[in-house]
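Structure below; questions to follow.
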Amino acid sequence: MYTDLPEDQLRSYRSAQTEPADFDAFWRKTLDEARAAGGDTAAVPVPTGLTTVDTFDVTFPGYAGEPVRAWLRLPRGADGPLPAVVQYVGYGGGRGHVLENLVWASAGFAHLQMDSRGQGSVWSRGDTPDSGPAGPQVPGVMTRGIEDPHDYYYRRLFTDAVRAVDAVRTLPQVDPDRVAVLGNSQGGGTALAAAGLVPDLAAVVAHVPFLCDFPRAVVVTDAHPFREIADYLATHRGHDEQVHRTLSYVDGVNFAARADAPARFSAALMDQTVPPSTVFAAHNAYAGPKEIDVWRYNGHEAGGPDDDAAALRFLRRHLGA
Amino acid sequence: MYTDLPEDQLRSYRSAQTEPADFDAFWRKTLDEARAAGGDTAAVPVPTGLTTVDTFDVTFPGYAGEPVRAWLRLPRGADGPLPAVVQYVGYGGGRGHVLENLVWASAGFAHLQMDSRGQGSVWSRGDTPDSGPAGPQVPGVMTRGIEDPHDYYYRRLFTDAVRAVDAVRTLPQVDPDRVAVLGNSQGGGTALAAAGLVPDLAAVVAHVPFLCDFPRAVVVTDAHPFREIADYLATHRGHDEQVHRTLSYVDGVNFAARADAPARFSAALMDQTVPPSTVFAAHNAYAGPKEIDVWRYNGHEAGGPDDDAAALRFLRRHLGA
Amino acid sequence: MYTDLPEDQLRSYRSAQTEPADFDAFWRKTLDEARAAGGDTAAVPVPTGLTTVDTFDVTFPGYAGEPVRAWLRLPRGADGPLPAVVQYVGYGGGRGHVLENLVWASAGFAHLQMDSRGQGSVWSRGDTPDSGPAGPQVPGVMTRGIEDPHDYYYRRLFTDAVRAVDAVRTLPQVDPDRVAVLGNSQGGGTALAAAGLVPDLAAVVAHVPFLCDFPRAVVVTDAHPFREIADYLATHRGHDEQVHRTLSYVDGVNFAARADAPARFSAALMDQTVPPSTVFAAHNAYAGPKEIDVWRYNGHEAGGPDDDAAALRFLRRHLGA
Amino acid sequence: MYTDLPEDQLRSYRSAQTEPADFDAFWRKTLDEARAAGGDTAAVPVPTGLTTVDTFDVTFPGYAGEPVRAWLRLPRGADGPLPAVVQYVGYGGGRGHVLENLVWASAGFAHLQMDSRGQGSVWSRGDTPDSGPAGPQVPGVMTRGIEDPHDYYYRRLFTDAVRAVDAVRTLPQVDPDRVAVLGNSQGGGTALAAAGLVPDLAAVVAHVPFLCDFPRAVVVTDAHPFREIADYLATHRGHDEQVHRTLSYVDGVNFAARADAPARFSAALMDQTVPPSTVFAAHNAYAGPKEIDVWRYNGHEAGGPDDDAAALRFLRRHLGA
Amino acid sequence: MYTDLPEDQLRSYRSAQTEPADFDAFWRKTLDEARAAGGDTAAVPVPTGLTTVDTFDVTFPGYAGEPVRAWLRLPRGADGPLPAVVQYVGYGGGRGHVLENLVWASAGFAHLQMDSRGQGSVWSRGDTPDSGPAGPQVPGVMTRGIEDPHDYYYRRLFTDAVRAVDAVRTLPQVDPDRVAVLGNSQGGGTALAAAGLVPDLAAVVAHVPFLCDFPRAVVVTDAHPFREIADYLATHRGHDEQVHRTLSYVDGVNFAARADAPARFSAALMDQTVPPSTVFAAHNAYAGPKEIDVWRYNGHEAGGPDDDAAALRFLRRHLGA
Amino acid sequence: MYTDLPEDQLRSYRSAQTEPADFDAFWRKTLDEARAAGGDTAAVPVPTGLTTVDTFDVTFPGYAGEPVRAWLRLPRGADGPLPAVVQYVGYGGGRGHVLENLVWASAGFAHLQMDSRGQGSVWSRGDTPDSGPAGPQVPGVMTRGIEDPHDYYYRRLFTDAVRAVDAVRTLPQVDPDRVAVLGNSQGGGTALAAAGLVPDLAAVVAHVPFLCDFPRAVVVTDAHPFREIADYLATHRGHDEQVHRTLSYVDGVNFAARADAPARFSAALMDQTVPPSTVFAAHNAYAGPKEIDVWRYNGHEAGGPDDDAAALRFLRRHLGA
């Protein structure tokens, strides 16, 4: 069943999220510090048994220069430099297994799949630890450090995401002018953050992006992981204002308003995990060229491989290949 | 938690399943009729946007010569003839989307992914209708035609599986002496059926194979789809004997006793859907060379991509590539 | 809790369902073909141990002349010809056991309880197979053949329903001018179909009728069996238009608009399975004389035996006895 | 799945339940007091719309002479005096609606369906209040008054059950030498109580009888209503001994050891509500002639109408009709 | 997620509940009879091992003079007479264990925790039996005697509540002019009843009070215990009017309109058990001075210890200590 | 229902857990480093509104000298020095609210309730952050740093627990020779760790202690939080050996074998969260004087306030007061 507003109201819906005055300064300083921390990017070949795709175990410097892992997949024998797709992962998962997720390299792109620090243990494995202060928290990462924007988990993850783009651009096989970011759910929210923080992306793909429009999201769904925030506030009564202040620094709605790369969204009208109004909140705020596919009979799986196929056409259009 | 016998008892467990006297005659006649029905195999190229894999929409003659669909994926530019992997699908799914399941072709194999007639609507899509008598049944296909082995759904599906091997061997890109069958869950049970019915396979991969050891399976788990049989018998009281007779014609234990190709199994000790004793029942009865991986902390997902990686090594060993 | 619109809005609610241009032609042709296929009606006495009710195992020609089973129950020793009640069954069930459902014969009616082809295995048993093409489908019968109105399961079931009325009128114990149709849930939806397709029924009873107002039903409830349609479309993305076209040929709203026999409906305000708005959609479109009982504190069980008692009075009024 | 011991162990299982020394004295005194309280039995005709069955609203004196309601159904026009079936109802239900449960009268028996005091609100309605002390209790009646056998709910219900037999024997339409008791679940347990307390019954039918073998029952299932006892003891820690003492006065195992009428039992191997070992505990202790049907693939619904059909044959054999 | 109306609509929401004409007479007569029945209050010291709190096992005369249990806790060595807090308990629980609930005495109040007759077995234990007629009912006490306001369970419980205030005022350690009532959920509803029936209370604390605004409550939530009423009406069809009449005699909305003591409420916007509109219904009808805390991210636990802390400050303000 | 071995087998059950050769060295070094890190203990009075209990917000140096929070509650006006109870908290919770948990101080003990670093957000609030490496992990803390005993969460928590005893002994109000540790579930497991690491405790109370006998625990229950370990291993296949090695450093069984203070355990036979065999594994290995209460009808709540009451008597016996 439909889980949110009627479709026509979704089309015109605007989030009530606000921007902290120092939003841009906060992120500029965060990224400046991460870049200043330096660190090298290494790519070690991995034997996989595949004959059409070459795979590398990549380590690049992320938040505070901390090492972050990724898989780099390249179509074997392709003439470079290649257009690149940097992919971010959904909640709970990591960069996964080398044999998973072969679509983008098989389609001719250099494909960097970034690990999610401290996640990677629920539905796909990861190899990157989280750092930083870990205050009292609800299980999961949604409320890790949520009392202060400087301590919040997503400050670190989104910085990793920006630095992944930085890293991929240094690879000899990649054409730095043709880099896209892509993800679904948490990966889509992360792609929107990158879109708002990296000025010259070639394209952005955010399928059912999570982490948008927190003021509405936390009161219109009982589903995890948005629910983790309500669970936290249920115990830590009276912290609402501070928690919502922190969330305003990582809300996809605020990143969308700063983005200019062509973007593709998708939303699903039967999605309980990421209510479609929160996707439209980001889409409707998105400052660059944009398109959105609405899946009327899907839950959070949304378009699944059909979203991938559409993204492939979209990326081909904007990056070539 | 462990869902079945202790591991040492699993290692020596033997099923109480029996063989109907006309088991071999039943299947010989079924396959003879299917082959006699003739029909052509067609392979139509499909544009997918992939650059390393060529994809074809295949139609081949299955049970009673009825058209069955499949995807054929080939590594682009590979020198043929290639070793081939025929894959069967898990319960409820179909051949899926062209962008899914790229591992086997990306590893250098010709990969034929057979559709499952009348399924393909729950977790991956299919395009092949079922035919034949559809008696009163519990939702799902487990009890479709279960009152008579001639009418039973799995007679048709397993015949399709054998004919898929026949079809792949006629393809110009395939080396007919190097064909393996592979699947997990229902796909693994189907692979065992093919292993028992096709005399000269190069290898068999059956991950957490479903459809084995019905006499035990239907009384030791409440999980679907084995549960569908108990649900049917709960309503159709007094039909137990006839239903179990039908099931003896399709039990993986009986196919295993006839197989001689090298086989790889996997079982999971926390699997509620396919209790590991039913997998060991087939493994322990398997007449050819065999190996089994036991996943102690997994449910029905078993080894997932780790099973794939092990299968890749196993197939490389037995088929080359 | 209430599951749908406030009661005053229900009273005036109109469905957005539309009629295909060839709706009447489609059904005229279907029924003509069924009648042209001929076939005999047989009624074999069944020993039941009952002393006040005589029971017969009936086989009559249904869709395409295929044999359909039913129970015929007659009050022993009653002077005929009797008014008759043709009853259709709820989703998943069949004609059941001879000892079940003695109300209508015990009240003096000839009672024909029609089996539901290919169902009859979930909560009551059946004995009639389905035929016809069975494309990829979600478990259950809601999506069997749903891509084409000619292949759709309910085309066959509703034809059986019409032919059951034809059959009962040929019975020597029945007064053909006093035949009513009755059912609840799927049985109620089937009764509405009969009401729209058989011109001279004496009465129609549709308790919480299922299968009405598909455009709304599939987006306002998560409960099965309406949910099967959303599940199908979730996998078969992009088939919405075709699927909704098929559904328009079997929507109770369209049958209701063609009916003229006096009708009794019931609806339940806490019904999640059949949202009351979909019942009112049919009721409000019903062209003949009509009444409706609203059960404010019931779910899909609705009035249960109280609906039966009310139906008994209603039938007595319109059929005598 | 099977919920209890293997079938061969069930066949020889003996309960560890013990008998309080004053068991017989307790019940003799209870029944003597009830009979001494006097009270009249009234049977008021009820208009139902049925033409083959006559229905009466009966009030008879139960525990402490308190009025208890029942439906009396008679086959219309049958020559009396008739053999009679006294039926007790499952947990939560009451005597139900007049249009329900027509089998026994339609088969030629006088059928008295006794209401269950203070229940009759969950799945079928009742009209008889409970009386007596109602100590702190878990919702439901399992722990009402459980601290003392004199206060316990089932002392009252079982006394009603005995007095129902007394009452039916006074009816002019009934042959007092041909009275059977029947029920399933709580009704079956109540029938066993009557079998142990009424010396000259013609037959006893106890389908999946509840309320047997409490020492085992409360520790081998989590399902309600046995679970209510564990829930009570979880809060009222340290009351185990007293509670089990009370239960020993109403355990079907102890009644079975005193019964001599021919008895029919049924048990279901997939029953979680009434574990089959507790049924066999009563069956194996039953002192009179006995038979048992085992339903291997059923849960608590057990044989359903097939149990009814078998009971009908059994009753015909022992009561005529 | 929010479970009810938006907060601004809650602020102005008014219940549709009505008052029976004899509401005041009904309660005056009930209380007069209870007081006329007499009975003594006894307080027996209980050894607990505590050194700062003295505990007494109190028995006082409640409804119809029946003995009701309570714990009396006093700060050891405090100079009396003390202000007192009479606390009522949530649904299913009783006065609990002597070591539980030490806050109020530790804060310097005489604390009387009243047992709930016939409950006290689900989450905390009780020791007081219920009496009176127990008609057919749904498990739980919500529908015990619900067909007649004189028989209804809450008539007895609320009379106990008033008599508990009477009793506490007779204690030598208590200042009868400084008595407050307090509770959450059912305890809060009971406190509102006391507030409406006892003219000279010093303060009232009703946290997420249950039992208010029945006309709305029973149709806007599926959660127990409000759900018990819908469950009852689902079986006892046609009794709505009578049941709602009974409920109007115990609705917190009607008591609130008669109260004049300063009151503190709390409501929780994610509460499914007690929808916040039903709390606001009582708050908005409350005739005395009032305040309300709204917990935006809590379910039925509401403010928990934060509600206690606020209540402590509120009581200190109105009672001193 | 019983969730584990029969009681007689529990009495003699021995865990298969083994000890790493450097177990003692590992912990000696860990504690030495923590003590060497220094840090002050501060106790700031907190206004609570209570008149019989004085409360202090304590900060003491824990693992690596990091500040850990606790509540210190003292009976007001008691003559010191007092015997002390150090309490550890169950999984997910923190030190809670100042108004909670007044039993121990009200009984005359100095009561230090230690916060659990990085938890305190699920059912009671906490205020202490976790530090240290946070590798990929399942939500919750069970698998945080589980790949290496040095990084594992429980190394830090157990060090905090030992340092809490150190800290309480420095308080002027406390008699350092009369300090007990106490907790239930995770708190009980932590108390066992303290019992094995602190040589001169006066008493130990471990109610249904969690974190014992990992080799059995992770395969005999599906319940969280033990389940987190299986979930981790399900994704991180092949890490079993390393993970179990880490767990052997924190297993309560190994701490129990080193303890000599008198200990009180409790276990619950219907406990799914902490299977009773894992409690007996620790109890049966416990080297000091010991007693155990078995709650036969309780789940993980075990004895609840009855466990508290028994612990109070036990502590009084061993600590005086």
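Lettered A, B, C, D, E and F in written order, each chain numbered from 1.
Keep in mind that, in the parts below, a residue touches a chain if its C-beta (ideal position, glycine included) is under 8 Å from a C-beta of that chain, and two chains touch if they have at least 3 such contacts.
For reference, the UniProt names are A, B, C, D, E, F = Acetylxylan esterase.
Quick caveat: nothing in here was measured; it's all calculated off a predicted structure.
Peer 1: What is the graph distance from chain B to chain F, where chains are linked when they touch?
Peer 2: 1
Peer 1: Count how many hops through touching chains it takes, at the least, to reach chain F starting from chain A.
Peer 2: 1
Peer 1: Would you mind working out whether chain C and chain E touch using mostly the same residue numbers, over half shared, or mostly different ones?
Peer 2: Mostly different residues.
Peer 1: Among C-D, A-F or D-F, find the interface that matches B-F: by residue number, over half of the contact pairs should be common to both.
Peer 2: Checking each pair in C-D, A-F or D-F, only one repeats B-F, namely D-F.
Peer 1: Rounded to the nearest 5 degrees, what is the angle of the rotation relating the C-alpha atoms of chain C to those of chain D?
Peer 2: That pair's rotation angle lands at 180 degrees.
Peer 1: So the centre of each chain is just the mean of its C-alpha atoms; given that, what is the distance between chain D and chain E in Å?
Peer 2: One centre to the other, that is 39 Å.
Peer 1: Could you work out how far the Cα centre of chain A sits from that of chain D, in whole Å?
Peer 2: The mean C-alpha positions of chain A and chain D differ by 63 Å.
Peer 1: Can you compute the centre-to-centre distance for chain A and chain B, using the mean CA position of each chain? Integer Å is fine.
Peer 2: 37
Peer 1: At least two other chains touched by the same residue of chain C: list those residues.
Peer 2: 304, 306
Peer 1: Edges wherever two chains touch, nodes for the chains themselves; is that graph a line, a ring, a star, complete, or other here?
Peer 2: Chain contacts: none of line, ring, star or complete; other.
Peer 1: Among the chains present, which pairs are found to touch?
Peer 2: Result for touching pairs of chains: A-B, A-C, A-E, A-F, B-C, B-D, B-F, C-D, C-E, D-E, D-F, E-F.
Peer 1: Quick check: in the complex, which residue numbers of chain E touch chain D?
Peer 2: 92, 94, 118-131, 133-141, 143, 231-232, 235-236
Peer 1: Quick check on the complex: what are the chain C residues that touch chain D?
Peer 2: 48-53, 75-76, 78, 96-100, 102-103, 105-108, 304-306, 308-309, 312-313, 316, 321
Peer 1: Mind pulling up the chain A residues that touch chain E in the complex?
Peer 2: 218-222, 230, 233-234, 237-238, 240
Peer 1: Mind listing the chain E positions that touch chain A in their complex?
Peer 2: Answer in residue numbers: 1-2, 269-270, 295-299, 301, 303-304, 306.
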